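Shared between the two complexes below is chain A, which pairs with chain B and chain C, respectively.
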Partner chain A sequence: MSQSYNRGLIEDFGRWKEFSAGMWAWIFHKFTGWMLIGYLFTHIAVLSSALTGPEAYTNTIQGLESLFIIRVLEVGLLAVAVFHILNGLRLLMVDLGIGLDTQDKSFYASLVLTAIITVASVPTFMDGVTI
Partner chain B sequence: MAERYSSFAPGGTTWLLQRITAAFLVVVLAFHFFLLHFVNHAADVTFMGTQARMENVGYFLTMVLFLIAGTFHGVNGVYNALVNQGLQGTQKKVVLAVLVIASVALIAQGTYVATVMAGWT
Partner chain C sequence: MSTQQQKPNTQETPEDPEMKGAESPQQERLKEKESDMVDETSVDESELEGDTVLIKVFRYDPEVADKQEPRFDDFHVPFKKGMTVLDAVMYARDTYDSSLTFRHSCRQAVCGSDAFFVNGKQRLGCKTQISELEHPVRIEPLPHQEVVKDLVVDMDHFYDQMHTVEPYFQNEDTPDASDLEEQRQTRENREKVKMSTRCIWCGACMSSCNIAAGDNEYLGPAAINKAYRFAMDNREGEEIKEHRLRILEQEHGVWRCQTQFSCTEVCPKDIPLTEHIQELKREAVKKNLKFW
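What follows is the complex of A and B.
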């Protein structure tokens, strides 16, 4: 049985010092979501270079991948995507009513796992590029 | 006792679709990242390699479904975030119309690009 839960107005970001773990999870999920949908539009725009021709596509992808800043941004994208996925699984559990008493712990676990996966992926993402 | 804590009004069609697309995206987004950064290095991507993947009908359909699910999930999330922020009335209708047009355009463009990648046009 679900009940309403008065967590105050999270949209009032001036209250950030009072925020609990669940409210931070809500904000991080929203922030990473905005970044991912923004990236999706950019991604399709870049891949549209295939419409110009095979060479334009290959040159665009490999040209971008030769830039150090693009590799750094890709690591950032991975971190954002991994957090959104892990916290999304946590939210699916919350919706199913599973583990509600430990929802703050699962948020911290999402952060720690995101950090571990991101750090472990850095060598692969930075392979073959220099500043 | 269970306390409901969600941005979305439960019980609606978009509420359910947001969750169904979420479950699908968890799997396919992880697959997409793994395939194009770990199995194939992103810096080594060529049109020929992309075409070899995309001309597989199963891969093509998965990618198009991935695009549709990602666009719906992302744009619906943005719309709900704005509604939570207090968007209402005419503004709400205009924002919804703009988001729907942007979504349809993105899906159409992405699907067209995928057919070109597959070499079917």
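What follows is the complex of A and C.
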């Protein structure tokens, strides 16, 4: 195989307006996957406050949950997780060779479902917090 | 190397054919052709409004001083019903600027030489109707391949990848020709490989692939589809199929595909490329799975 030229990536993402469904699905899946990994670390950090004792853990949780920004981030986390799971299922179908002709529609369906679930979760996440 | 990053500065080409200097027989013919065109359009003028299309064509030539900086040239081309992108650039070349360079041959989506980047998508010039595009029509060379001149890109790397998968029928024990025996393929098997046989080596798929752009060694959709065409053909033996799968399951083979569907979207021959790549992934897994 030849190694004739080094082709750059930059120009591709400069053309984001021209991306089609499959490409957006790929970008969102990467993004959400890595966001979930990132959350995992903060999650472990919060949980490990329990090592200091039950009080410390309760204080940490209560302190965080009283913050408006944390509630907003939780809604975001849910959106990211839901999209990753739904699109992950779509990708599993694609791997099995099922519904390849409608892959764009299943991507839009993932987006719509994610939006609905996220909106529906807002009252729960925002319960009892003041700005 | 990418040529798309530079900011092109638009430049109007002289539309006056008189500026072309001495008249050769060829040029005379071209002038005639042009006056024909002008006549036709003036006839139609009463019914047709806005009967010209503006095409913006990428220009670059490392050997000409004022074309070393990539730019776009504007051409106003008279529109005719049924006109393709290839027709438009041919008109521009024949009428306005004979140095405008691009490959074309069959004009019927068979030879695969005129894949361009039209309005942000890889398309076959001769198979793309001007009437289906947004105007002005922007015509560029295929991304991710070195530009040789104007719309001409270097296809060597693409061909290398195609040859890596040994794109030819391999079967040692063919029936004896002197007995006039035929090597039969079932109808079902023919249907299975039918779409994959339609590839015209235009390179549109490879150019559209984000993974191929980042990984120069990735075989790419066209080469994998080519391998599919033979691996799935049941006239080839099990052994050679295994050999083909060994090529495909290498690091830069089928597993690079991230199912972005870009290739399937642009293929002018409507080959379900992603589907074929996915099927080969499953074949590769099946070949390697052992339950003991």
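Methods note: the second predicted complex is superposed on the first by the 119 of 131 C-alpha atoms of A that agree within 3 Å, B and C clash if a C-alpha of one lies under 4 Å from a C-alpha of the other, contacts with A are read in each partner's own complex, and residues count from 1 in each chain.
Assume contacts are C-beta pairs under 8 Å (C-beta built on N, C-alpha and C of every residue); 3 or more make two chains touch, one makes a residue touch a chain.
Nothing here was measured: the structure is a model prediction, and the numbers come from that model.
J.: Applying the document's definition of touch, where does A:Leu92 land relative to chain B and chain C: first, second, both, or neither?
T.: The first partner, chain B, only.
J.: For A:Leu111, is the partner it touches chain B (first), chain C (second), both, or none of the two (neither)?
T.: It touches nothing on chain B or chain C.
J.: For A:Met126, using the defined touch cut-off, is the partner it touches chain B, chain C, both, or neither? Pick first, second, both or neither.
T.: Neither partner.
J.: For A:Ile37, using the defined touch cut-off, is the partner it touches chain B, chain C, both, or neither? Pick first, second, both or neither.
T.: First partner only, chain B.
J.: Now for A:Leu100: first (chain B), second (chain C), both, or neither, which partner does it touch?
T.: Once the two structures are laid over each other on A, A:Leu100 reaches both partners.
J.: Based on the superposed arrangement, let me know which partner A:Val75 touches: chain B (first), chain C (second), both, or neither?
T.: neither
J.: Would you sort A:Trp26 into first (chain B), second (chain C), both or neither based on which partner it touches?
T.: A:Trp26 contacts both chain B and chain C.
J.: Tell me which of chain B and chain C touches more residues of chain A.
T.: Tallying touched residues of chain A, the top partner is B.
J.: In the overlaid three-chain picture, which partner chain does A:Arg15 touch, first (chain B) or second (chain C), both, or neither?
T.: In the superposition, A:Arg15 contacts chain C only.
J.: In the superposed arrangement, what residues of chain A touch both chain B and chain C?
T.: In chain A, positions 1-5, 7, 11, 22, 26, 91, 94-95, 97, 100, 103 sit in both the chain B and chain C interfaces.
J.: Enumerate the contact residues on chain C facing chain A in the complex.
T.: 1-2, 4-5, 120-121, 143-146, 154, 156-157, 160-161, 164, 210, 213-214, 216-217, 252, 258-262, 264-265, 272, 274-275, 278-279, 281-282
J.: Residues of chain B touching chain A in their complex?
T.: 1-7, 10, 19, 22-23, 25-26, 29-30, 33, 37-38, 41-43, 45-48, 50-51, 67, 70-71, 74-75, 77-78, 81, 84-86, 102, 106, 109-110, 112-113, 116-117
J.: Can you name the residues of chain A that touch chain C in the complex?
T.: So the residues of chain A touching chain C come out as 1-12, 14-15, 17-18, 20-23, 25-26, 91, 94-97, 100-101, 103-104.
J.: Can you tell me which positions in chain A touch chain B when the two form their complex?
T.: The contact residues of chain A facing chain B are 1-5, 7, 11, 22, 26, 30, 33-34, 36-37, 40-41, 44, 47-48, 50-51, 54-55, 57-58, 61-62, 65-66, 74, 78, 81, 85, 88-89, 91-92, 94-95, 97, 100, 103, 121, 124-125, 127-129.
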